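Multiple structures follow.
Here come two complexes built around chain A, the first alongside chain B, the second alongside chain C.
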Partner chain A sequence: MAERDRLGRKTTAGGAWATRTVFGVLLLAAFLVPLALRGYWVRLLANVFMFGILAQGVNIIAGYCGYLALGNILFFGLGAYVTAVLMTHFGVPFPVAFAASGAGAVIFSAGIGLLILRLKGQYFLMATLALSELMREVISSLDITGGGRGLTLPMFTGGAATVNNFFYYLMLLLMLACTFCIWLIDRSYLGLAFKAIKFDEDAASVMGINPPPYKTAAWAISSLFTGFAGSAFAYWMGYIDPGVVFEITPSIKMYLMMVLGGAGTVWGPVAGALFIELVSELAWSRFMEYQFLIVGSILILTCLFTPKGLMDLVGKKFTWSLFTKGIRENKI
Partner chain B sequence: MLTEVLQQVINGLVMGSTYALTAVGLTMIFGMMRVVNFTHGEFYMLGGFFAFQLTASLHLNYYVSVVVAILAVMAVGFVCERVLLAPLRGKSIDTTVLVTIGLSIFLQNLALLWWGPTPKSIPLPFSNTPLQWGPVVLTWSRILAVSITFGLIVLVHLLIQKSLLGKAMRATFQEKDAALLAGVDVERIYAFTFTLGAGLAAGAGVLLGSIFLIYPSMGNIAILKAFIVVILGGMGNFIGAICGGLILGVTEGLGAGFVSSGYKDAIGFVLVILILMFRPSGLFGKARRL
Partner chain C sequence: MILQMIINGLLVGGLYASIGVSFSLVYGIMGIINLAQGTQIILGAYLTCAMVQFFHIDPFLTLPVSGFVLFCWGYAIQRCIINMVGKGGVVLTSLLTFGLNLVLINIILLIWNADFRGVNPAYAGKNFELFGATIPYVRLAVFFVAVVATVSLHWFLGHTQTGNAIHASAQNKRAAQIVGINIRHSYALTFAISSGLAGAMGTLYVILKPVSPFSGADLLMILFLVAVLGGLGNIPGALLGGVVMGLTDSFSVLCLGMQYQKIVLFLGFILVLIFLPRGFFGRRFYG
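Our next item is the complex of A and B:
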């Protein structure tokens, strides 16, 4: 059963049809949701998919490549503002602005990445955090971005249902595209190089993987996902300001989702996003003020006990040693 | 023009010494122990709120409540270190960072539930009317804060450089195994350093809370400034932390006065990125590559 291909991965021969069926049904259901459910649920799920994209964004750089880019919200803000500025000041249609947001995020991350990806561990983390705060300050002070007052985008024309459905499918397709992209990377030499860098960068470079181009590529892909999400978010909301798009909470939430679902796995971050957003949405109505206490606690408990994510526990027998294993072999 | 520059420099120095004060504890925890501790801002905030609770509700003497507040935060810090950080020691830094972030969110929102979002001020035993010296304006609480800052930093510096305990601390963070072999109780050193760092953060919170206002999210901006100062001054370098704090304060003061007040907070982040790229050992550390 456990045959291995040329990259040393297990190839699943048959027996996976049950998983595939469940997967297919879920996918079909996701596409049919807007036909069956009310606007509230459509908007909620679109938001879940957006967080899925953000979590996949940090998954590539932190989950696969091992670089904790805490300031990744930077590209969300950048994407949102590129779209907003192009659409309000230059009258550019959304698809073009959307593409420009992705391109802007990639150019920015690749340029800066070549400089700061030399830094490791906590230094890289601090540099990305400083960059995102700097970007927020600059955008809050520029005239073209409307400063702290923010920007109002042109309205999406159509009824409430059309708007909901448009952004639902946009976010869903974007999330599926990101996940497909990660699936491809996971199966390729590129993904293997990322994992090697995460495991031991010095060893990887001895084995003939030159880290800087790979790390830059990882961060560029990460910024592309995040920038697209920001662009779609800006058009969806119709109004953005620096406080909304550079908010610290989503930036922490996307890490929580990644770790909870499983860092460095293809579907983990999406599962994490679904779990966290649905739970917090359902709990919201009653425990509004306890929301962040719960988020903080889940983050602590996840990192301590299940650093590999909940998906890693599926199918394993629950024992005391499984419980303490998370602490003993603590690595995300 | 000249008096304007002078006032901006003085303002910058006062702000800078508050930055330095916030950064001293972080110099120990982030600079020496290499724990990227996002909870530092919450220790700072808790220091302010404990002192507020003791003076405003329990009507304790100001100076007594300052000491009690600091001790209480040290207890919180000790428990956090033992329960959450000690099991992760030597493991991946990623999970440690995320745990401190989780703890920071938790404590901040706990404070929000308990004390509410309205800013509060700590009742002071001395009047806060401004003193005018020539062109320069200052208040008593600021002078108190500045002098305590310098006193504390010198004390901590002496503790680490001159005492046997300090020697054990430096040994532990440079080469843990060798320190263990030489008979240092490494775990106690970790717990002690973290607790002391938390106490210093609380001290900063009490002193700055007496000057400004206290509110649950006050740690957010404080910790960003503290990280900037620690990186500017060089990791684990106390004299560097003073100079880094003053440099940041003065640059911000002059930048706000003569360039644009909108970019005041951006200056620090630019400095950090430049320092990390070109001189990662900080302005005052020995040059070395990471």
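Our next item is the complex of A and C:
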């Protein structure tokens, strides 16, 4: 067991060499993928990384802070639309629109967050769901967003391979940046405050942590990640409409990834994203009509058997009692 | 015109109240946000459609059947699955019920496709006049059945031993177990009653409006709003919440038009959560 300092972070890395080697190899492989594989796999992995970003987004607010922002897809849609509107109507170049999407998402979440983050968990959950539906309805009825018909963005110039590689590296770097950000938070006082709020909000406020600013900060960071992902997605797809970017299924999938990988862990959501996206790609190409059934069943089984996530199982010997641990701890 | 709107709102409000109560009950007793409740109502509606189509019977007669089927489903689900994560907190139980929601939607899609379905009884167009307002018999009947269901549920919880056992397991789990209440059973029973009520209300809902497998999401917003307005877990409160909701519904159509109805619904929802999170009665009511 590694020793821990005042903030609960590891001071001596236990089993560091094996972990670091595996990690380094994986990272190198991720950067080399576009050289070795083509088309389909590059797009698939870019999609995995995009979901990795989204899952890290909910990881901050739900995994660390314990507030289930089920409608987080709101910021994905918002980011996508900010980029689309700026690029089509105002001819803004992508990097500027990208930054504006992140800023827009943060401003929106901080403003709304100050109001609705006073709500307790269940109420907050429903409020975010309603917010994302509201945003979808508003965008569908505005003129500047093209209403229900959607918007077509300026094309990315270059061949198919260039486009794939550009978005692959964009998503990969974004995901690594988000994960690094979470790693920093995990090791800092901020992360400790988030965890305290998740554990017991009243106790945290007694200990001198004023919850509302921390919760708002958590949601703002979460929305920043999600907004960036939405912006990149819009430019990547070249066409967006409210039905695509405000769809509820991705919103649930990112929770599934977070819980499956491990809520409140640094790499868990990324592992979850990789697992879920590969499984769904495999299953959905064959069993299109069973897609909800598959996602729903994985969700139920995850809640039953691995409520703490796959990262909790890493390095432990697999036994029957480990398998049923989740049920034994949580059943009434 | 205004009288007509008030009457429409009241009549739909009865149904909304009953839907809200079914949701409120599970939250009040077990602290579980059942995100599958909207789709359970839709399942009840589809069962009614199927029975009307195959047996050519009156849709109101299918109410006990869809209620009973959903009752059994609810008991099994709570006993075998939800009880297993009961102590896991609201994050896990919400995700679990959302998983159930997806599974239910997929089952409905596999059996009945994604088309809108409705029932059209022969007497759907019949109505009578009251002070210049038109009242369809169907709506009146739906209102009446929904209110009777809600009131009898309230009576059941307050005046029978089983009802008291359910209340007791909400108030203090340990103490309830000491006096010999099997809380796994009484939780399962609570969920079953809620699902059964949802199934029965699905029958009534489909008589008024056609449904699709995805209508559950809108219903979920409505029922959550009704339950919050009345105070989660509070049955008489939910009746009031349902009526307010019905009135808002009909007046937003009158004043702003159909296309803004959803915007008003969601905006109202968020405003209520921000300014009235404890409902009209200003306190949280458990059990």
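Here, the second predicted complex is superposed on the first by the 315 of 332 C-alpha atoms of A that agree within 3 Å, B and C clash if a C-alpha of one lies under 4 Å from a C-alpha of the other, contacts with A are read in each partner's own complex, and residues count from 1 in each chain.
Keep this in mind: a residue touches a chain if its C-beta (ideal position, glycine included) is under 8 Å from a C-beta of that chain, and two chains touch if they have at least 3 such contacts.
Given the structure is predicted, the values throughout are model-derived calculations rather than measurements.
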Should chain B and chain C be called a clash or a fit once both complexes are overlaid on chain A?
clash
Applying the touch criterion given at the start, work out whether A:228 contacts chain B, chain C, both or neither, answering first, second, both or neither.
neither
Return first, second, both or neither, reflecting whether A:236 touches chain B, chain C, both chains, or no partner chain.
neither
Using the touch definition from the top, say if A:219 reaches chain B (first), chain C (second), both or neither.
neither
Indicate the residue numbers of chain A shared between its chain B interface and its chain C interface, in ascending order.
62, 66, 68, 70, 115-116, 118-123, 125-127, 129-131, 133-134, 137-138, 141, 248, 252, 255-256, 259, 289-290, 292-293, 295-300, 303-304, 307, 327, 330-332
Residue numbers of chain B touching chain A in their complex, please.
30, 34, 36, 84, 87-88, 91-95, 97-99, 101-110, 112-113, 220, 224, 227-228, 231, 260, 262-263, 265-266, 269-270, 272-273, 276-277, 280, 290
Partner chain A, residues of chain C touching it in the complex:
27, 33, 81, 83-88, 90-96, 98-103, 105-107, 109-110, 173, 183-184, 187, 217, 221, 224, 228, 259-260, 262-263, 266-267, 269-270, 273-274, 277
If you look only at chain A, which of its residues touch chain C in the complex?
62, 66, 68, 70, 115-116, 118-123, 125-127, 129-131, 133-134, 137-138, 141, 248, 252, 255-256, 259, 263, 289-293, 295-300, 302-304, 307, 326-327, 329-332
Sites on chain A touched by chain B in the complex:
62, 66, 68, 70, 115-116, 118-123, 125-127, 129-131, 133-134, 137-138, 140-141, 147, 248, 252, 255-256, 259, 289-290, 292-293, 295-300, 303-304, 307, 327, 330-332
